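Chains: A, B and C, in written order; residue numbering restarts at 1 for each.
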Amino acid sequence: MTEYNFAYLDEATKRMIRRALLKAVAIPGYQVPFSSREMPMPYGWGTGGVQVTAACLVPEDSLKVIDQGADDTTNAVSIRSFFEKVAGVATTESTADASVIQTRHRIPEAPLVAGQILVFQVPIPEPLRFLEPRETETRTMHALEDYGLMQVRLYEDIARHGEIARAYAYPVKVEGRYVMDPSPIPKFDNPKLNMSPALQLFGAGRECRIYALPPFTRVESLDFEDYPFTPSKAAGHDCAICGAQDSYLDEVITDDSGGRMFVCSDTDYCATRAAQMEANA
Amino acid sequence: MIEVRDAGKQFVLHNQGGTVLPVMEGASLRVGPGECVALTGASGVGKSTLMRMIWGNYRCDAGSIRVDGVELRNAAPRDVLALRRDRLGYVSQFLRVIPRVPALDVVAEPLLVQGMEEAEARLQAGAMLAKLNIPQRLWGLSPTTFSGGEQQRVNIARGFIHPWPAMLLDEPTASLDAANRAIVLDLITDAKRRGAAILGIFHDADARAAVCDREVDVQGFAPKERAA
Amino acid sequence: MTPLLQVEGLSKRYGAHIGCADVDFTLWPGEVMGIVGESGSGKSTLLNCLAGHLAPDTGRVILDTRAHGPRDTLTMSEPERRWLARTDWAFVHQNPRDGLRMGVSAGGNVGERLMAVGARHYGDIRAQAADWLTRVEIDTARMDDRPSTFSGGMQQRVQIARNLVTGPRLVFMDEPTGGLDVSVQARLLDLLRGLVRRLGLSVVIVTHDLSVVRLLADRLMVMKDGHVVEEGLTDQVLDDPQHGYTQLLVSSVLHV
């Protein structure tokens, strides 16, 4: 542990990020600019999330890293081993045992509790990006709460597809004020953002933005009165491993002749349930 | 109703060395309710100029012109607009309309501007067009495609669709056949009967004799140096 | 009656160059005022200052707002001004591409202002958008098509529907018939006249086309080198122009 400062980043950088985090917590849903550093991994691999995690970690922490819900995929494994190496903190795959969870595109199925920190990796923090390309204009729109355009996007979906077709990165309104991109989590996870006891932090490395949802923040998914938001998922299936009916499922192709199965995307949730079933059997 | 006192007018041609062209001086006349007065005088003596000064599209430079108590000299645009909407009608010699607007709508417009329901306004406009022998098959077409006589009748229909208390008629019977001329003279007589004050230019002496109570020779209003 | 718009001493300079200077006028409800002049006369600068797109150097623009009565729009905060731009007033651009979202369906374009002022019922928004598209004579079968697939005249009509859907009282128009064929212009002019009459709209319309103002405007303001050189009733200014520049302008029109 002599080669690196604790958690890789120097203390001045952590201080800078923490200041951005405090501001983000003070203004829920507002995108705070920060001076994103070069990290030893390419953009798009979670450089924003890693910097936020590094700025939050203390030696007593227990870190869990998931990628699309799984603890055992490349991104999750490499970030976990990165922090094992540069921070020496304990790591875990158990949601309940983790104090800090860095995630790419999922919220764990097991309910989070007070004291936990959930760090999201964010590719594009600006929910208005593809509607209004000028950053100067989108900032003004946020400042003036000029969100008609966001609603137009949902209108267009219904006009074209008969429903709001957006299935991930579904825009939300925070505390009735800022419209926020919740990162590319499935819309199935959107309700978990609302009134969560955990602190939720969002880091976008390439875009140099940090935003946050303090515990117990009101988070509403945008919709229409006559086309209300529905947190849907693959219908008509249970998890093929643990039999869960209430979890978000991945479709897994099992052979070359069209065979497939649906399993929990949250590997820890699935494994915990499977172990319980075995113990009960 | 229409009261002109010592009205004068001159044109200043700024692009021709500031030439000052006096065209009218000391014009005075009165038209009371139920009265029809004809302006007479040789061509170019200023009959149309005086009509335009009363209508308000020519500025009055001296004296006073009042219609229903409203002073037109230096009047604010909105006062002139209000006057034209409710109290002062004008049948010009030429029909000026937006291309492609149906004749029926052209005639109904003065009623619509006053806030009448569209269906009712069209009904009245249709009745007026029928009275003036415009066949129904033409009502839906733009008058820009009509013959001169038909255009003039559309213009008259528009000019008589609302019972304006004061009316200006510029050659209302020109380019009309005998039958239609008689209908227009009836319209004028009806307007007088309901109390309208009418000032007109009629080249047609028979028409003038039939409806006009008095004549005013505009020659007397010509500027002195030109009159000499 | 309260004037809808009162403009006092409005001036805008671009360095040493005068954009517009000392403009005063009062616009009453239901009035259509034309601003004419050649390119560079300051008419577009004036329009943009009135509509809050440009900040003038001096002057006052007092609008009789629906919510709070007469207010100087120049001293309003930006959020208030933007709110006005979605409610009390509207701006029709010469080029529909500047006033429409070309990647959003015609219905979405019309519905945007409704959603921007808080409408959240899809069925209602869609019904209102369809109603407005019908009023501007666009087949509702095309309401889910993008304006990029429409002709120039149709695009301009969608822009007008988009602007009028929230019932503004004052509409600014910058050469609305500019890029259109003559026959399409006529139809648009007729449409505008009908809407102005039915809705009691007040309009400030900038154009260099005297036949457009003759058919549409009640009043006229003639501008030259940033100054208003003449104003008055439209047919009076056109038939009996007093100022040398107006005389030149009127006599330069080709009659066919």
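By our rule, contacts are C-beta pairs under 8 Å (C-beta built on N, C-alpha and C of every residue); 3 or more make two chains touch, one makes a residue touch a chain.
Chains and their UniProt names: A = Alpha-D-ribose 1-methylphosphonate 5-phosphate C-P lyase; C = Phosphonates utilization ATP-binding protein PhnK.
Since we're looking at a predicted model, the values are computed, not measured.
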item: Innermost chain by mean C-alpha position; value: C
item: Greatest separation from chain B - chain, by CA centre; value: A
item: Mean-CA-position distance for chain C and chain A (Å); value: 46
item: Separation of chain A from chain B, taking each centre as the mean of its C-alpha atoms, in whole Å; value: 76
item: Rounded Å distance between chain B and chain C, as computed from the means of their C-alpha atoms; value: 32
item: Residues on chain C engaged by chain B in the complex (per definition of touch); value: 28, 31, 183, 186-187, 189-190, 193, 197, 214-215, 218-219, 232-233, 235-236, 238-240, 242-244, 247-248, 251
item: Complex contacts: residues of chain C adjacent to chain A; value: 78-79, 82, 86, 101, 104-105, 107-108, 111-117, 120-123, 125-126, 143-144
item: Chain A residues touching chain C - in the complex, by the definition given at the top; value: 140, 144-149, 151-152, 155-156, 158-160, 223-227
item: Chain B residues within the chain C interface of the complex; value: 11-15, 52, 56-59, 77-78, 80-81, 96, 98-101, 112-113
